[in-house]
Amino acid sequence: MLNIAVIGAGRIGHVHAKTIIAHPDAALALVCDPVGDAARTLADQYGTRACERAEDVFADPGIDAVIIGSPTALHIPHLLAAAEAGKAVLCEKPIALDMKDVEAARAELDAVKSPVMFGFNRRFDPSFAAMRAAVENGRVGELEQLTIISRDPAAPPVDYIKVSGGIFRDMTIHDFDTARFFLGEITEVYAAGQNLDPAIEEAGDFDAAVVTLKAACGAVATIINNRHCSSGYDQRLEASGRDGALLAENIRSTTVRLSNAKVTDAQEPYLDFFLERYADAYRLELSAFIEAVETGAPTPTGVDDAVKALALAEAATESARTGRPVAVA
Amino acid sequence: MLNIAVIGAGRIGHVHAKTIIAHPDAALALVCDPVGDAARTLADQYGTRACERAEDVFADPGIDAVIIGSPTALHIPHLLAAAEAGKAVLCEKPIALDMKDVEAARAELDAVKSPVMFGFNRRFDPSFAAMRAAVENGRVGELEQLTIISRDPAAPPVDYIKVSGGIFRDMTIHDFDTARFFLGEITEVYAAGQNLDPAIEEAGDFDAAVVTLKAACGAVATIINNRHCSSGYDQRLEASGRDGALLAENIRSTTVRLSNAKVTDAQEPYLDFFLERYADAYRLELSAFIEAVETGAPTPTGVDDAVKALALAEAATESARTGRPVAVA
Amino acid sequence: MLNIAVIGAGRIGHVHAKTIIAHPDAALALVCDPVGDAARTLADQYGTRACERAEDVFADPGIDAVIIGSPTALHIPHLLAAAEAGKAVLCEKPIALDMKDVEAARAELDAVKSPVMFGFNRRFDPSFAAMRAAVENGRVGELEQLTIISRDPAAPPVDYIKVSGGIFRDMTIHDFDTARFFLGEITEVYAAGQNLDPAIEEAGDFDAAVVTLKAACGAVATIINNRHCSSGYDQRLEASGRDGALLAENIRSTTVRLSNAKVTDAQEPYLDFFLERYADAYRLELSAFIEAVETGAPTPTGVDDAVKALALAEAATESARTGRPVAVA
Amino acid sequence: MLNIAVIGAGRIGHVHAKTIIAHPDAALALVCDPVGDAARTLADQYGTRACERAEDVFADPGIDAVIIGSPTALHIPHLLAAAEAGKAVLCEKPIALDMKDVEAARAELDAVKSPVMFGFNRRFDPSFAAMRAAVENGRVGELEQLTIISRDPAAPPVDYIKVSGGIFRDMTIHDFDTARFFLGEITEVYAAGQNLDPAIEEAGDFDAAVVTLKAACGAVATIINNRHCSSGYDQRLEASGRDGALLAENIRSTTVRLSNAKVTDAQEPYLDFFLERYADAYRLELSAFIEAVETGAPTPTGVDDAVKALALAEAATESARTGRPVAVA
């Protein structure tokens, strides 16, 4: 049983709290958030303790591990402090808003001894994980082309957009990790940003994008993003190899199909958003974290993965702004 | 090149004429119908000859083969006369409206030397034929259960219903043949007739039915019929065996799928009716007929198949009326 | 929070215990089983109490409700005793192995005041429930034909078959309830039993069957059962109405599709068996039970439903043995 | 009845000849090819006349229209000569191997009076055409993202590759036209070329590519090409709009699905190549050509479409070689 504290009682903090509560090998021991009643409210919901200062989490000897869902700018400071205190860390993405912040902390990050894992939850989605395993097992031969379709049901508020770091750091970062999960290292990024909603354009961001990634292995990945999708949360993945292809379809809440005079075999809209769509993934991510902590094995998504995904996000941001491909170190 | 005459210029006569015209190895040499301008109109459409009397077809030395699409009561007389004249015969189903008529002509039918084939077109549907071939090749092991779903888009006029011989002879007869095509001989029939449309009930017929067929091999077939279906011509087949199952889905005119806020991956209604749905089947049926005529090989659907399908239709009619299963000889 | 005791620590008892543990509004307060360590083992797994005698359950003032998963012959005695003790009851199907046992207890059953619900879990499956709601909302017009396909992945041991009451009471009983759930009262049953596995035939049972049910509303239901299916637990449902049709497809553990030189868009085998396939249904069944207990509303599946499903099972058993349709009162 | 001559008796010439023969409103009047017996062999197959010199086609007063399937370098000369002779022209793509050749003939092309159409057959594919019509009818709102997946079953011989003008002119040109068909004018092209087969790399070409097109309307199109695909000719199209999305799936020769212990609902490989996959499209293209000729209406795909598709191919070629996006005039 791993005693876990959650730092940050926002949307993603709620996801993790709920996941911990339902997990047989985890206990929600503490919730921390400096803002108003946020920590208290979430803690009360699950009958656990709350605090306002992150320092109180790190100092608490009853805490084995910390899940960091604080604002992005605090990810690295919280990660380092938790590790310093001997806690295992599961940190949300992105690792930072800026590669400069990563570079500034590079030595400290490299010196961390505690298990550290990053919340690239989609790696643990049963369909994506099964595809990856099938690729590893040679079911489709060497991968040649990867297509990632990722559309949110609706854009977040413009106020959030303004502090999000932009679509590539905030939304595409998951897809960058998926590309790396399947293809390994990426050498070049080209991003075509789109401005479909004037309000988001005014906020200085794109609300849709198509990204091309050249991988060192010779494969090419395409990411198709959109901040809105009328049918729900559109999450598909297609891995095409020399000897075959694998496709992960969207998920609906039932398998019911409707036929009438206008449509046949019509299915329901997709699951609406990440909480529902990736509920299994969050659960399996937590299991993987617990297993790594308990066995001492490396975590499946470490600092290096977090840094490389951020580097791709920065490259994509630059590419979309300059209109030119950007090489990645 | 086979010179073919079509007797009967009604709906099915038009289907055959069109199929012959498009076939590289067949010529439409003559169209025969005693009623009004029917023969002349159809013949003119394809630039061929017309006549009113079937005798003129049989006497014509330029005719190699006859497709009989006359009223059911004339099927046996026309078949026998055509065969007597040395013509090959492709006769529409059912062979007769009544087993008594078959019995009365049994000796003559048995003595026929010409190639005789019956128009069980669905055996030649590419999907059903591929399923049958897969079964033959052992792809799913011994068959255990067969499900035949066959729903027309809309009921024919009540005036037609009254002279049709009833739903089992007119509509289900194809499904009886499909059951025999996959399972061989049938030993018992149970039919639950349904009266959904009062007008058809008044005409003395059912407009929907569920039929259970016990096969000698131990398998059981289910036929689900309905004279109407809001999504079009619903034609599906499922063959379930010890080691697997095969399913033939409906066909649409395009592969387009629509997704929006209400439906996802919604497909089009099914092809509307038999002319479109079984266009390939009619073409391949004609090819099979021509090949049998030209090679002297047995036709794939002979008198025995026609008689046995009719016997099943009679048994189903009796079963639906009495409410009891009926054994088949 | 409802304190629940589970009587019977067999396969279905484990399902219920697991479902209770994961349910936010239920507590597993006691496990009862007279055989060996069964109760103790299951209780220990979830850190709760165990007992051997059902009387101890009924006498326990800390128990609010009892889930009865004892052998079928004990269902009525346990139900009556629990109700007598003021406990709410969720009883597994079938209510009894024999209608005579039901009749003998009829007066007592009618006099029960406690909430009583029967475990027709499939009514709570999200897909089937959504189909039923869509039918209620008139999405497909008046129902005309219902097709229930229900195939187990593999037959139970012959020793179980011998005491199971036969395929219709043991397996088809769920499908009888599904037919009633969609079509209301059934007036006639015709069952074609199949003997595919000689070992089961020797045990005096069928291992496959096709059942036709005539409903009072004029619709006809078809049930296709098989004790084995190579692709897993085949659970499909199709409701065809005047204006449209609804189909519930099978469920797989992922949405991955494989394409290669031999197959395209190939999906995984179905979820293997009822624990996985109906996990959501068991959870929602428990929620419905708790809600009925707490609100005092009628349970969704009462004694009448249990009795009528059993009557259909008896009629099907008779029909399959005599070869004749059997009218249902 | 349009009397048509086919110039070029190669692979595409055979496709057109077969399509003409089966078309009720067209006659194959002449086949022309200077090489060996090619023209004679094809003409004999359909019982028509042959010649070796294109001049003889243009001079023949019995010819109403010419389908140009000669080597690409001859497209413009043949087109101009045929038009000069008053023949209607259906010319294969690309219009030329090089934009310089187009520019050199620009004045003459602009002066052509005869109906001229280019063979962008995919516009006439029933599924793609239905999608386009649905978009026009506002079924999915304003288009935002278009995904074109186009993979050949196997690469052509390296000798052909060498003279093909490269993958973008030879293969992607169809996809460029599809992008324009849906999105209108394109302003920028970025192409990531891939070298998967060393033999094709040695021949100086790519054998796979991912292309991003920015459209003037704000939408972005992605083209995913590969010279081989293990499952057949992979031809899919997805148009995603503000209010919905349309998807055209691949086509198989039957609708049969196989389920067993390893796969469920497995479909067949895709139709193998363009002759089968686009048979309907070639037929409907010919119908559109005949209709334009007979009514005097503009052809649906004129010189301007051919030139713009070639310009996109040149831009993609440059982009893939330089690694930079290329603006299109």
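Every chain is named by a letter (A, B, C and D) in the order it is written, and numbering of its residues begins at 1.
Throughout what follows, a residue touches a chain if its C-beta (ideal position, glycine included) is under 8 Å from a C-beta of that chain, and two chains touch if they have at least 3 such contacts.
What you see is a predicted model; the values in this text were computed from it and never measured.
Which chains sit in contact with both members of the pair chain C and chain D?
A, B
Please name the chain that ends up farthest from chain C once chain centres are defined by their CA atoms averaged.
D
Between chain B and chain C, what distance separates the C-alpha centroids? Give it in angstrom.
The computed centroid separation for chain B versus chain C comes out at 41 Å.
At least two other chains touched by the same residue of chain A: list those residues.
230-231, 243-245, 250, 258-261, 265
Which residues of chain A touch chain D in their complex?
Touching chain D: residues 141, 144-145, 147, 149, 151, 188, 190, 192, 194-196, 208, 210, 212, 214, 218-220, 222, 224, 226, 228-231, 240, 242-245, 323-325 of chain A.
Touching residues of chain C toward chain D in the complex: what are they?
230-232, 250, 252, 258-270
State the interface residues of chain A toward chain C in the complex, per the touch definition above.
22, 126-127, 130-131, 134, 139-140, 243-251, 253-261, 265
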